[in-house]
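Below is one structure. I have some questions about it.
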Amino acid sequence: MMNRVARNTLGFTLAPIFVAAILMTAFTVQAADVIKFGAALPLTGPLATEGKKQQNGFEIWREIANSRGGINVGGKKMKVEMVYYDYESKSPTATKLAERLITKDKVDILIGPFGSGATKAVAAIAERYKIPMIAPTASSEAVYDQGYKHLFGLLAPNGFLPSGFFDTVTKLNPKPTSMAFVTRNDFFPKAITNMMRKASKKYGFTDVYYAEFPKDSKDMSTWLTVVKSKNPDILMVGGYVGDLILATKQAKELGVNPKIIFMMAGPVYQQYADALGDTSNNIMSAAWWSETFNYKGRVIGTAANFADIWMKKHNQVADYVGAASAASGVVAHLAIEKAGSIEASKVIAAISSLKTDTFFGPVEFNKGGQNIGSKIAIFQIQQRQRKTIYPLDISDGKLVYPRP
Amino acid sequence: MIYLQILVNSVLLGGMYAAIAVGFSLVWGVMNILNILHGTFLMLGGYITFWLFHLYGVDPFLSLPLSAVAMFFLGYFIQLGIINQVIRASFFMTLVLTFGLELIGVKMALFFWTGDYRSVQTEYAGYSFQVGGVVIPLVRLALFGLGLLLTGGLFWFMAVTRTGRAIRAVRIDLEAAQLMGVNPAKIYATTYGISAGLAGAAGALVSAGFAISPVTDVEFLAKSFVICVVGGLGNITGALAGGLVLGLVENFGALYFGPGLQNALGYAVLLLVLFIRPSGLLGRAGYH
Amino acid sequence: MFPIWTKNQWLALWLGIAVLVAIPQFTDNDGTRMWMDILMYMILAMSWNFIGGLTGYPSFATAAFFGLGAYTTAILMNHGAPFLVAMPLGGVVGATVALLLGILILRLRGHYFAIATYGAAEGLRELAENLEITGAADGINLPQIEGTVDYFTQYFYYSMLAVAVLTVLTVYWVTRHRLGYGLVAIRENEDAAGMLGVVATKYKIVAFMLSAIFPAMAGGVYAYRAAFVEPIDVFDVLFSIEAIVMALLGGVGTIVGPLLGAFFLELINDFLWSHFLEFHTAFLGLIMVLVVIFTPRGVMALVQEVRKKGGLRALGGILLANTQRFKV
Amino acid sequence: MSRGETRGGYTTVSANDVLLSVTGLEGGYDQVQILWGVDLEVSAGEMVAIIGSNGAGKTTFLKTISGVVPSRAGTIVFDGIALEGATAKEIVERGISHVPEGRRLFGPMNIEENLLMGGYARGLKDHELAADLERVYGIFPILKERRKQLAGSMSGGEQQMCAIARGLMARPRLLLIDELSLGLAPRLVEQLCANLVEINREGVAILVVEQDVLTALDLAERGYVFESGRIAMSGTSDELIANQEVKRTYLGI
Amino acid sequence: MRAEVLLEGRGVTKRFGGLTAVSQVDFELHRGEILGLIGPNGAGKTTLLDCLTGVEPANEGTITFAGQSLIGLKPHQVVKRGIARTFQVVQPFPTLTVRDNVAMGALFGSTRAHKDVRRAQTVADEKLAFVGLTNKADQPAAQLTLGERKRLELAKSLATEPELLLLDEVNAGLNPAEIKTAIDLMRKIRDEGVTLLVIEHVMKVIMDLSDRVIVLHHGEKIAQGSPDDVTNDEGVVRAYLGEKYAKLLALDR
């Protein structure tokens, strides 16, 4: 009797395999008059907020593009279609979904996931399938040094940050001389913190402390206590918004009070100031975009214009994540029009040689595919608002120094 | 001085860890459920506090009982309506069940409240005072006090009250307890409710001391797990001991080996305790 | 216990393998990849079954072995080793770590064992986050595979299929061999097994190693395919949990159960993914809840009961009875 | 409840009222049926013994009465009310206490806590149970001496006393005792028997399962012999002890 | 004209904390005989078997089997030397079929270890036929009655093809008919050349079956000799059989 049950069960297993196999063989039709963009986004999991912002950004661009009849491809207007998947904030899933976007949904262009780590993972897939990929939110050089030909990133390289930062702080009086660095043990935060640390030596700062804290750290008191004892003039913390809220809170509680606290990246988000209230005041940070930048482009208009649309739609202050995502669409838009084709190799060539202005700022890609036309702005939170300090031409505030 | 400060930090952290873990320990000990939902209750308690503060300016210490009571009832009915249905199935089945519920709960929270980090920022949030050069942050002290209060209160409840006794009886010998006229379904629901309520209370203050978001629940869950094992499964005072040990290990470990290994050291202690004394620091051997 | 397979069953097995071999010819690359994922989870679930299902030692270490295999393959390939050398070596590393870990923790029973494996897996992840050789939290890239899309999709697919077939055959061999009987004896009653002459320690370690070697190899295939590994991804405790869930849903300790569980769960997962952008996790959660409540002993037990009680007409009654079975 | 008078706190009834009446009872666990149609009666205030070998279904029978194991067929009528399908809690509340095989005390609790658990079903506060505590301490003075000692740390005899005392805390009218003498020294068994007689005199009917046939039949007025889930024989203690079959089977002579 | 000494213990002592469960016990077992081991509950009979089989290693003393020391061996090693044992509380593999249960013995316990599963099952079928369980071979062990489980336990032990079989109360809880079958079975086992050490409560079995008897009391050996000698030993009657037994004997005469 056992035999029969087992046998039948085996048949039971195999039957659906057959059926599914046959079903699989069919379809995937592609409509000729649309351009398909695909994006695997972190819509659930720890990065859910960022994922949602990315989606909102793409949608703003897509609606604008389609409301004008689509993208002009060699004289023919083609509508934009987006395919989204949720990668649950897990890179392996992002790569899996990127493959699906390419092979099943047959997208023409891939829009990157969130952050340097996942972008690095997905870029390997885009490269293998030779599909153009635009990464809105990956700024670490290590993502772009793999020799990939199909990857383009909108954010200015991390390397653009130190000069702006140190230009600003070295002019201060009294001049700060010592720095402490603490970073989340994670791709982007580590990359940018180490870059700043390296640069600080060039600018003659003494490096009093460096430490990494783990992902999901729920207590920052130890390193804060050590930092307090070392008494640096500047404290730089690399991490994500959850880490930085906790670090800011605990720093205040423990009376850690350097003249400057610089955090990457998180204070740029509305939620940071909302969560911390006045405690967020006088924290410095940097961003790749701000609505105050006097940028202007053909598709979306000015930076302020984008911020308005965003505010109307989502009742929220726009930040660089949403803007860069919309800008990814804009870049693809302009490149396709320039190429007059949606063929991957032609689009790649067009993006590589693109040199244009957008609401997100000037766009120009270097050999690795990073946007060197863009800038990084340094700001400080004052009265819970971001005040741009650098570059001076777009600044709307003065640095409060030292922190009271 | 720095050592003294870190010692104080550790102890305060340990007390808070106890507050987070004590309910988890209770459910594990009494019902043999590895309750993945624990972090979710904590997070929900935090959100109740946050919204009451954000919308009506209610102080977290005032809304704390409310969070606790709300979570008690939520937990009570989840156990009564869902978990009780399969409580005698294998340990892994209840694990999968609570895991499934957690997925639903977190998605709902994401849907309603987005993934933004929230924190209750009261007037006194960053306030701290000094005792002989050692800084003692007020909110942390309150969390520590809450940890003591919750573990102490639960200990008292289990030791002295009629219901507490019934819970213990069910844990020791379900069938004998039934013969005494105990209705295990209700006792389980009560136990689970208490655990959820404790998580809700802890969550209320966690929202003041940390940043919460719907997805932070697993981080607190992982901590609860380590704390419970180190202290001893299902042992109430063990949660306090486990919390303090973990607090000390994490902080002094971070000092000597760098903060990067903070979490790794937690797991190292977990394994060490399992090798040396599987029943946990305060656990009774042989209890399953 | 486990019946010797009849001719028909062998036929079915080889037919099944033949179908799987032929799949890339019948479906597009995306379909092939879905099957690759199904195969991967089948490997994980079947492997977990060695220690968790047959031996009754619930392990959370699947993720640890998967990650070890992925990293071994990545590191070796970056040092010039060909994939077909690196991937099996990943299996060897996984098995070796299982041996050492097993000696330490297999004397713990029940929950304590489960906790120890969880701690070990998470500890390994934290270690990988901090070590030079693993590229710390940055992760490491692997050499890119050359060739057309069809070529590399099939290359990865057949690599995974090879590991899966190896796993199935090992399962068959183990369950028809003294070893399998020994493992089941340990699960049923370890003390009594010892009295009968089962050298429990040795058997448990062998089971633990078997539960390690195949996930480690699957991790290797996975790493080469992804071309990039980082600790938080390949040491993700969810790999362990998913393997357990799949084995549970299919039926613990049976042979076909974990296969079925992996197949259905991955299929459902894939469906939800494509159809519910944001709510797929919630639906997955709902399905898990319903499955636990209505088939608390796994799909295999349900299938057997349906057969015994006279076909699908009895299904409703059985499901209803199931909800009462484990009530307090 | 409606009948009888209260004496010494326990409700008593005249001796020939049928208190418990079981007919055609069938029951068992998951896949295994153990009871195959058991008929049994206990009158109010009576002391009845059940004897039989291991696995004859005695324990399952008691568990089925007290509602821990569900019945499959047959009726259980207690004091005129049908009990099939009632929960264990309802059955305790109706007045049946079950002292389980192997005592099953709450080992990590002290004696007094165990006794208070015994009174749980009555839904009273601890201090309201104080009088009942005193009453059972009166029967078993050693328990009062040791009331703060953990139940698990006591000797077998003391544990059995505690288990019986715990059963009495629910103020039962019928006390089911499973394996009274198991693992106890003869001297202790005699002491316990004396206690039971005292309890019985106060009007509590007792149904005792006992493997030691001599002890059982010495104690009880009537007895039932269980074999393979059925009643093989019944009668007064004297009848049973004189029966050749009983002698051969259970006394080994 | 004694047969060779198969098993010999000298000064075997086992302590649990402060309690000495087995104290300085000397014994020997001759090839081909049936030795009865009796004594009241808690006398240390089962503990002595635990010492022999390595479950609870003895603290002091020597145990030799067929000339080789058993001290320090683990249970699975003892089995391979040719000593099989049944447990007082039967320990089947509950969800496995009866045949698979017995096959486990053949697969692992035998000195000639049947590595082949199919051959082990053939052996299992033989042993099941021997103990009369053939008709239950395909049932899960959990569904057997107590008597059947005891026989399964026996078949499992026999499947290890032992030279010496230690039986721990295989007859407890069996009815007279079953006991008679069991006695016949044990004789049959002995006739096949297996030496038996039998712990037994049912005096009738000991009297009928044993060649010699050892009596333990409080962990010490208080008597040994032929069954008749032992039952007439005054010390034994006082310590173990008790007043009641005397009373019964009187009643019978």
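The first chain written gets the first letter, and so on, giving A, B, C, D and E; residue counts start at 1 in each chain.
Keep this in mind: contacts are C-beta pairs under 8 Å (C-beta built on N, C-alpha and C of every residue); 3 or more make two chains touch, one makes a residue touch a chain.
Since the model is a prediction, treat every value here as computed from it, not as a measurement.
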For this session: Starting at chain C, find the fewest moves between touching chains needed to arrive at chain E.
Result: 1
Exercise. Looking at the contacts, which chains touch chain D and chain E alike?
Worked result: none
For this session: Sort the other chains by how far their Cα centres are from that of chain E and give me the top one.
Result: A
Problem set entry | Of all other chains, the one whose Cα centre sits farthest from chain D | A
For this session: Could you give the separation in Å between the centres of chain B and chain C, each centre being the mean of its C-alpha atoms?
Result: 31
Exercise. Once you find the CA centre of chain A and the CA centre of chain C, what distance in Å lies between them?
Worked result: 34
Seminar exercise, completed: Distance between the CA centroids of chain A and chain D (whole Å) is 73
Problem set entry | Interface hub residues of chain C, defined as touching at least two other chains | 126, 129-130, 278, 281
Exercise. Considering chain E alone, which of its residues make contact with at least two other chains?
Worked result: none
Exercise. Where in chain B do residues touch two or more other chains at once?
Worked result: 106-107, 110, 222, 260-261, 263-264
Problem set entry | Chains that touch, pairwise | A-B, A-C, B-C, B-D, C-E, D-E
For this session: Would you mind writing out the residues of chain C in touch with chain E in their complex?
Result: 1, 4, 176-178, 181-182, 184-185, 188-189, 191-200
Seminar exercise, completed: chain E residues touching chain D in their complex are 41-42, 142-143, 145-147, 172-176, 202-204, 242-244, 248-249, 252
Problem set entry | chain A residues within the chain B interface of the complex | 44-52, 89, 182, 185, 211-214, 216-223, 225-226, 229, 241-242, 245-246, 249-250, 252-255, 271-272, 274-279
Exercise. What residues of chain B sit close enough to touch chain D in their complex?
Worked result: 162, 165-166, 168-169, 172-173, 175-183, 284
Exercise. Which of the residues in chain E come into contact with chain C in the complex?
Worked result: 53, 55, 74-76, 79-80, 85, 87, 91-97, 100, 103-105, 107-110, 113, 115-118, 120, 156, 160
